[in-house]
């Protein structure tokens, strides 16, 4: 989930022309859509009785609370718009259409209106994915191929003159960008903001310099591992960049 | 990547009938396939000059080294077998076919021969995904829909009498199982092995009890968060279970 | 605090002649003494209302609970024995006398009866330290000099033929041993069990190899950083050693 | 070790009258003294060959490098001034005398000139402690009792109207302040900046709210656990406070 202030920062980065490609999780886009449809996430506490929350139909994401009723709102929305959304070939196109349908400032809307390619390699693993499945279960159809997105993403990596990567957290989005970098000349700039450790061996916690061995990061690239909560580090980086660019 | 001893344990768990459904990353399956094709991962060190490794065409995954030539081996393999593999509808079916094609003990082979559903919600984010893309780029076709897999996975969750979940690490696989649990009565058992922290707010580090608020974990479920490297915790759990089941 | 099973392991290591010198915190020795005086620590939960615990006079140490009444028990004990305890010059001697006074199996008793030097460089930072202070406040006197302990510890390091170090956690005990190693030929063996990270820059999370630069670890030394909860790693190491030594 | 910018912030906090009591490690004071004597710490890298550093007589502290020659400089300094320093009863007094002897801006100097009590419960575990030991080995004497410091610290806690605590990292300093808080009405404010986890059970990673059960933190106290590298969090907090106080 992208907490409030973070979402505004990401939207500002998208609207400022700083972002050429966005790769993200279905969860991030779902929580973004939920707010675009008028719902709110609430700041709560993690030291809480989750059974009580369950009774009150509140879903917890660490310290953030979300009313479970958002799913009904999404069902209405997708029920109304599914026919328009389903005439797509790639996930990117699908997400652009989705972003064009919402009125409120949101990540989806900004990607859509700025035509920023937005890749989501595991869309089925999200509320949005569930909404598509729900409509398929009602007999509707959609013809989404993630290989269309993969093709487009590798083309961008292959043809770009100079690549730079910024990772806010890890997971599939990080790995997916790293994978694409193998088809570029290797990223010349890299920033990674994470609280994950390298020692367990997963992609999320891996130091950026590891990518040099693969050719994901250029040997002459500049890079920094920021071991920090993204809600602390990103606002600082964003503000500093705003200041320098002015 | 699944280190050597870990892979044997997972294969044993699959072959022992302990696993009803496997959800994993494309990377895990790719490294599994690479070894099934006869390549090895080597134990190295993380305190190394990655530029040197790059010159020697060795890809580093923390302390594991993999020769980059595995990609050529995979290209040959997929070139030879793509036509057989491409006549599938779901990723699960595709992976079963893949597993039936390899001779060596492997996760893919065990899922295939034991007909254990194996879901991989971000297949495009992996070497295997790249191999499919490479064949599509040569004009071949495949008609994989991850929504077929999602349908099958939610059906399993919906119809199972009693669910239990075991998470080795987090990422999309954890979140994907958690998502399916919302369609079950909530998991009655949960084990999570992770080194990720809850505080940054991501799914990977989230405590299992958080799932109670969502209905992913049953209110009466038993569960444990094991804050430990999986290469330490899983062999212990496996050995203890082997012993008790005997 | 040293959880139950862990304490037994450490006592067994002391009684088996495996330990030449023990450096530990005052807290570890206080909780050890508390149990030697007949009190128990209870296994609880960290997801609890600490105000409720406060009302019930239960002190929480993550998942362990200790009744606050142990302090009265310690006051009685030190009131009765202070005169005997106060005729010492070093903390080590003081702790040996303390260990000779308790009947139950304990770390203090094992160090005392086996004459294993036990150093505690911040004794005042503990319940035991408070007990000494309480008796001084009543007009009694003691003449403890930690520089006596430092002298003894550096002598051991200086004269030992071959040093090896085992760190269970970090803090002052780790740093204090590292400091002494500068006066040895550098440790030839090193094991460190910790969950702390290197990146924040503190001594507790520092990789052992860092000690090579200082001469704390010998250039030809063998060493391993075990990134693991000590309650998982130590029993494994202990059991494996028991098995091999037999 | 207190990195450059951090040291300036801490000195500013001391000189601004924000700090009533400082509790710190001997290492922090040693590295502070080293710079006050004219030496520098250098910014290096942790991905380095520690054997090479050892040959060059450079001591590594994660990414900071310190020339080993600082020890000679300290020996000269303590050799010259030991007689003046040794006429003390408490560590606090000793450190104030030390701070009065240095010319350069430093933590020691600021504590000394502002008469801010500075407690260091494990002085022997530091370069400064080694310097005292070295002079004792030459036949000189000192009569430092840490119980004098303990008495003074508990008096401050006992008599203060309202206590607040700020922890930058953990270790003995945190635990020592927590211990003293048991003699106050419980801290009414608490800030903790740490990267340590609660789950291993140590004091450094313990959540502040745990202190409520002990009476270390007041039931009505306000507090926050900042899971962040101190070199990121402290400058932000310092700058925000500067701004608000103006």
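Points worth noting:
When the chains are written out, they are named A, B, C and D in that same order, and each has its own residue count from 1.
Here is the rule we use: a residue touches a chain if its C-beta (ideal position, glycine included) is under 8 Å from a C-beta of that chain, and two chains touch if they have at least 3 such contacts.
Keep in mind that what you see is a predicted model, and the values were worked out from it rather than measured.
Farthest chain from subunit D, judged by C-alpha centroids: B.
Across A-D and B-D, the chain pair carrying more C-beta contacts is A-D.
In whole angstrom, the spacing between the mean C-alpha positions of subunit C and subunit D is 22.
Distance between chain centres (mean CA atoms), subunit A to subunit D: 42 Å.
Subunit B and subunit D have Cα centroids separated by 47 Å. For subunit B, residues that reach two or more other chains under the stated contact definition are 47, 195, 197, 199-200, 209, 227, 229.
Those residues of subunit C that touch subunit D in the complex are listed here as 1, 3, 25, 27, 46, 50-51, 53-54, 58-64, 68, 121-126, 129-130, 132-133, 136-137, 142, 144-147, 149-151, 154, 169, 171-172, 175-176, 179, 195-207, 209-215, 219, 229-231.
Note for the complex: subunit C touches subunit B at residues 47, 195, 209, 227-229, 232-233, 236.
In the complex of the two chains, the subunit A residues touching subunit C come out as 47, 197, 199-200, 227.
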